[in-house]
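Input: a single structure, listed below in structure tokens.
Order of writing sets the chain letters: A, B and C. Residues in each chain are counted from 1.
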Amino acid sequence: MSLTVDNLKVWYRTLRGDVQALDGVTFSVADGELVGLAGESGCGKSTLGKSLIRLDARMRHVDGTVELDGKELPIGDDTAMNRFRFKEVSIIPQYAMSAMNPTRRIGRLVVELLESRGVRLAGVREELLRRLELVGLAPEVLDRYPIELSGGMRQRMVMVLSTLLNPSLLIADEVTSALDVSTQKAVAETLVDFRDRHYVKSTIFITHDLSLVYQIADSVIVMYAGRLAEKAPTDALVASPRHPYTRMLLAALPEVGVRYGTRRLAGIPGSPPSLLDPSRGCRFRDRCPLAFDKCATQPPFTEVAPDHHVACWKAS
Amino acid sequence: MRRYFGRKLLIYAVTFFVAVTVDWVIPRFMPGDPVQTMLARASLRPEASQAMQAYYTSVFGLDVPIWQQYLNFWGALLRGDLGVSIWLFPQPVTSVLLRAVPYTIALLVPAILLSWWTGNKFGAYAARRRWLDNTVLPAGYVLTATPYMWLGILLAWALGSVAGIFPIAGGYSFDTEPSWSWAFLGNLARHWFLPFASLFLVGFGGWAIGMRNMIIYELEADYAHYLAALGAPRRLVRRYAFRNALLPQLTGLALQLGVLVAGALVTEIVFSYPGLGYLILQAINNQDFFLIQGAFLFIITGVLLANFLVDVAYVLVDPRTRVGMRGGA
Amino acid sequence: MSVSDQEELAAATPAAAAATPATVGRARGRREALYFARRNGKLLVGLGVVLAFLVLAVVGPVINSHGPNEYVGPPAQRPSADWWFGTTMFGQDVFAQFVHGLRSTFLVGLLGGALAAVIGMVIGFTAGYRGGVADEGLNMLTNVVLVIPTLAVLLIIATYLKVRGVVPEAIFIGLFSWPWVARAIRAQTFSLASRDFVDLARLSGAGGAKIVFTEIAPNMSSYLFMTFILLFGGSVLTAATLDFIGLGPTDGMSLGLMMNNAVLWSALPLGMWWWFVPPGLGITMIVGALYIMNVGLDEVFNPKLREL
């Protein structure tokens, strides 16, 4: 197994108490797998992505372990985690378009970053140029300032930079959210390409766009309110979703060619629960059409079919 | 970059024009005959009074239409003729001012440069350590809230009067003769130190606080988060943050120039230091309007020049302006 | 339009109660701000100091039986039970001078700061909201006034004016302290003016000034308040400097004038610290308290800065 996450709990400290953003998450990602991590805003997917590489000042590692290639990742310890960052675990952040220092030429930024991590430029220079060409950036980009590039170009540059040292795990945090559809396609395809060329081993692709996940992911994890709802290979999830939330999510996707007059879009009424002091039972209970009294206890994340995990009493 | 400098030079040109015009206009708004009022206030010997009368009339050109008076004023200005001092008659204003300017420059330039640089460095450093931050911050706010002349007074009293380490008056001891000897230079330095220190400290406090706030802001920027996520050591992130925070601090320097000059002027007054400030005080007390007007124009020119220098420095520090983009101010 | 299309349109129009969530949000924001305000040490201490001095400024001259310039005792006395701050070179009561000076300090600070705030806001909002030619022109004006050193101009003006009072001084200071305010407000107005709620207001037919007053300014209210505090402090400092040079009000007393007199009459070599320490200390404490208050306010209004 490439990445194993066991009962990971990461909470946010706030003045009003702890927000249990990630509350006992367990899953694993195989070597070379591209996993899509989907869910609505506030479900904890970004928190999960961030906690695998660098905890925010407000985040607290409460419980659980993370193992990468057999080694435990010291995610609670900022300094100890440093030797894994960039080299074994890397991230393409949500803010990729503003992730580069505006007053430094890009090439210089790359050199200084590499040298500060103990990597000589001479060793990676050719590879860098090759990858720039792969994503469609001219080598002259290195002489430019970030502001001279378009948003899409900056994003591609960050993608190249983040994966330059061939990390085992790449976290792509909402990399397509701010893009137009054609660029989304290009970026998604690039992620697959990186994996196919072994630039990265496993990828976690965080997004709220299920349709995009369907295009490129090998398997999908659906999160809700800080917990995993369902995990399955992509085709299995789309063909036979077991969790009511997943089913309603898929039903909410607009279908090409269908007009509002013919069939209305089904939404999921209600809103996610506050994670400040969440209930003990299943967190989807209040919005779930299938809820019954057993849902007062949290259903375990069980395997109901090969590689298909669900956290729902009705599904297992 | 040409657009950048072009715009700045235009502003300075307009400002100079406005300042000169204001300078010319104000005396004409005084009720009554300005020449007589001025002559009456200055008690002069009859011959001097005659000469002054003639001079004033020619300068104010009261026998000549208003627009011509204005042009004459500009003409004289561009020739370097700022009139004759009433108080120090018959010395021309320009030479009186030029004698005082070196002292002011000797105070201002080192004080500005040193306080800006060390203040920024210190503020950046203070942002790193909590305990330092908690002591530096209030101290900095107190320093920057201190009126320049009061700090000067305190220093003069504590280190000059009470401790006797430094002299508290004059540019050099009254009983020494100016020369190029080490002894004299040492004497100059001793008289220079307290006023310089006073200017330096107030400025230092302000820059330290400003930089500390800017650094905290920069350390929260996206590029700082990204670098940290990729495991870059703190010193690299801090280096970038510092470099970026210097830019608004440089802009702030330009904004503060007027205040700094005012501070230097009052500090000189406290120490009777023979610069422009002290000169202005004496001019005010002696009702020497030409000297005051001349000092005003000198100050304006100096401040505009300093602003221009800061603009040049900004272009050097912010690489984006060189590539043709507006990187800020 | 077919029935189903009409239904589509009806469902897509935002509810008219769009205003309510905003106002509810603002009310909650205010309550939250008050909660944090009461707990913020910097704000409380700063405010406390300023209020203490204000009380002294209002009450002091009243309880003091004599005026600041009266000769009431032997000259150059140290502080004692009779003369709390000692006496000047001429036997005037330094404490009386101090409290009278405080009054004029507060007056100048409030008036000058208020005037500068008003000018800065008018220019900033106009430039930011209208843009175009108005913006260019106001920008040039702002830049020119910005570059001109205040003291220099006030030097010229005050020299030619014979009678100078506290109010004219405050007006002069106010007339030259606004440029940075205008710039900052212009920048913020630019970004706010392009937001949706402003477009909504424009659609409902509100005029420019009304939009600025009801939509844009309230969104910046905390910033405007903090700006006023900074302007207050700045005015006090500028006035002290002017008074010190001798260009202050010709009548009355001020803290800067006290320092001027002290230096003029050799208080320094004579070691009459009680004459020059209180006025400077008063100014430093008031302005310092204002600055620290400002930092506290920033923390109260800006959730990111609140310490956990």
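As a convention for this text, a residue touches a chain if its C-beta (ideal position, glycine included) is under 8 Å from a C-beta of that chain, and two chains touch if they have at least 3 such contacts.
From a predicted model like this one, the values you see are computed outputs, not experimental measurements.
Visitor: Give the chain pair that accounts for the most C-beta pairs in contact.
Guide: B-C
Visitor: Among all other chains, pick the one whose mean CA position is farthest from the mean CA position of chain B.
Guide: Here the answer is chain A, farthest from chain B.
Visitor: Centre of all protein Cα atoms: which chain's centre is nearest to it?
Guide: Answer by centroid distance: C.
Visitor: Could you tell me the distance, in whole angstrom, between the mean C-alpha positions of chain A and chain C?
Guide: The separation of the two C-alpha centroids amounts to 49 Å.
Visitor: Starting from the mean Cα coordinates of chain B and chain C, work out the distance between those two points in Å.
Guide: 23
Visitor: Centroid from C-alpha atoms only, then distance chain A to chain B, rounded to Å. What do you get?
Guide: 55
Visitor: In their complex, what parts of chain B are in touch with chain C?
Guide: Per the touch definition, chain B meets chain C at residues 11-12, 14-15, 18-19, 22-23, 26-27, 29-30, 138, 141-142, 144-151, 153-154, 156-157, 160-162, 168, 220, 255, 257-259, 261-263, 265-266, 269-270, 280-281, 284-285, 289, 292-293, 295-296, 299-300, 303-304, 307.
Visitor: In their complex, what parts of chain A are in touch with chain B?
Guide: The contact residues of chain A facing chain B are 53-54, 81-87, 90-91, 93, 95, 98-105, 112-113, 116-117, 145, 147-148, 158, 161-162.
Visitor: Spell out the part of chain B that touches chain A in their complex, as residue ranges.
Guide: Where chain B meets chain A, its residues are 221-223, 225-233, 236, 240, 243-244, 247, 318-320, 323, 325, 327.
Visitor: Mind pulling up the chain C residues that touch chain B in the complex?
Guide: Interface residues on the chain C side: 140, 143-144, 146-153, 155-157, 159-160, 180, 233, 237-238, 240-241, 244-247, 256, 259, 262-263, 268-269, 271, 273, 276-277, 279-281, 283-285, 287-288, 290-292, 295, 304.
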